[in-house]
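Below: a set of structures, written as structure tokens.
Heads up, the next two complexes both have subunit A, just with different partners, subunit B and then subunit C.
== the complex of A and B ==
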């Protein structure tokens, strides 16, 4: 069973995720950022489901393993679409929504094909291998997409504060997890410190999004000079 | 047409970059996974049976250093 600290972080995470939905509803941003909010709603449902399964079957049970990894794959796909909706927001003035949708579907299909090509050699538990690997590959695609989006925000001199906050927090969240993973593998002796940090980082994204919905109005704008100076 | 080709090119570029990043980050991996959704504790990987350490590659006999390639 997880320790008291893991339980504490877990429940703080669920509270933060609920806070995102409440803040978005209160500030009228639920429909505008529908996919982001759907991702948070899905996360709450999955977290509660995981809690029920852990309390019934235990952390090392097969039920928890399968529920955890299959639900994680679904959430990663929803997060991927939420990220593509941020692209639609950034490129909304260029009427590029059609191309964003096309690129989103192509990239998802390409990632699935690549994953299939890698996993097809494994005969045992093929579906599970595929689901877990697809989730991992989509995660890295998400990391690259977030950096590319940040580059586009700088280049286009995007000034919508809330949108910038949403994208930046996603970038920081992805980077924290990747850095944590890399350090953990470089220094296995420090794993005891870095593994619990994953849960702490899990609360960062909902906290940052809740802040963006609660404190930053949709009309708020950043002065372009405060973002970056890019020679044209 | 050219815009569509640009989209296809960008998609391939992002996919290549992402898989390159994955290879770089997971180069020294012990087989564990990056979990990015929520703060619930992660179980062991479903297709890893048990938590015993992975054995050495089966075609390496012994721990002596490999010689240089004969050709």
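== the complex of A and C ==
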């Protein structure tokens, strides 16, 4: 069974995810950022499902392990599409939505094929290996895509503060998870310390999005050149 | 090998995203003028300095917070720590960084003061609601 700290993080996580939906609904941003909000709703459902399975079968049960990794893969794919919706927002004036959708599907297919090619050697529990590796690879693809989007924001001089903060917080979240997975692959003995961190990192994204929806009106603007690490 | 490359790239991207995210939080709050009351409490008149940050955060902890405000101040706290590290290490070798870190630390303090003002307003609202009921 998880310890009190893990339960606390779990509870805070669900609370923050619900806060995102409430803030988005109250500030009229639910439909504008529909995929982001659907991802948050999906997270709540999955977290509640995980809680139910842990309380019935325990943390080390096969049922929990399967549910955890399969639901994580589905959520990562939804988050990946949420990221593509942010691309659509940034490129909305260029009418590039069709190309963004095509690119998203192509890259998702490419990542799935790459994962398949890597995993196909392992015959035992092929599907499970595929699902776990796919979500790890998608996290890294997510980091790179968010970085490209950030570059586009700077280049196109996008000024919408809320959109900028949504993108940057997503970048922080993806990089934290990608780094966490990489450390666990490099040093499996440290997994004991790094697995619980996933829950802690998981609270960052809903908190940052709730802040962006609640505090920043859609009309708020800022100069993105001020934000670049290397001044432009 | 692949995992090592992913780790290095992720850490580099993380730093860039984190710094830009914190600066976007600061940029959004910098236009907010401080009320005379908060100026008196914090001692910040026109420009804030990094030395006041700890004191303003202590004042912040005295006020009830809201979940949606928590990530901002925690991220800025971490950014302030990162700036402190840069100031006491790299900035000793590159003096131009010293002035930059000082400005950024001052802006972190200003962000904390703006958050304090919001929390005071929130507490007042809660108190007024309690009086009404």
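We adopt the following convention: the second predicted complex is superposed on the first by the 202 of 232 C-alpha atoms of A that agree within 3 Å, B and C clash if a C-alpha of one lies under 4 Å from a C-alpha of the other, contacts with A are read in each partner's own complex, and residues count from 1 in each chain.
Keep in mind that, in the parts below, a residue touches a chain if its C-beta (ideal position, glycine included) is under 8 Å from a C-beta of that chain, and two chains touch if they have at least 3 such contacts.
Computed from a prediction, not measured in an experiment: that's the story for all the values here.
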item: Which of subunit B and subunit C A:183 touches, first, second, both or neither; value: second
item: Subunit B versus subunit C as contact partner of A:117, first or second or both or neither; value: neither
item: Touched partner set for A:127, first subunit B, second subunit C, both or neither; value: neither
item: Which partner reaches more residues of subunit A (counting touched residues only), subunit B or subunit C; value: B
item: Which of subunit B and subunit C A:165 touches, first, second, both or neither; value: second
item: Partner chain in contact with A:143 - subunit B first, subunit C second, else both or neither; value: both
item: First (subunit B), second (subunit C), both or neither touched by A:19; value: second
item: Shared contact residues on subunit A - subunit B and subunit C; value: 140, 143-144, 178, 181-182, 185-186
item: Contact footprint of subunit C on subunit A as seen in their complex; value: 15-16, 19, 23, 140, 143-144, 146-147, 150, 161, 164-165, 168-169, 171-172, 175-176, 178-179, 181-183, 185-186, 204, 207-208, 210-211, 213-216, 220, 222-223, 226-229
item: Partner subunit B, residues of subunit A touching it in the complex; value: 2, 6, 9-10, 12-14, 17, 43, 46-47, 50-51, 54, 59-62, 64-66, 68-69, 71-72, 75-76, 79, 99, 102-103, 106-107, 110-111, 114, 122, 124-125, 128-129, 132, 136-137, 139-145, 148, 173-174, 177-178, 181-182, 184-186, 188, 198-203
item: Residue ranges of subunit C in contact with subunit A within the complex; value: 3-4, 6-7, 9-11, 13-21, 23-25, 27-28, 67-72, 74-75
item: Subunit B - residues contacting subunit A, complex; value: 3-4, 7-8, 10-12, 14-15, 17-19, 21-22, 25-26, 28-30, 32-47
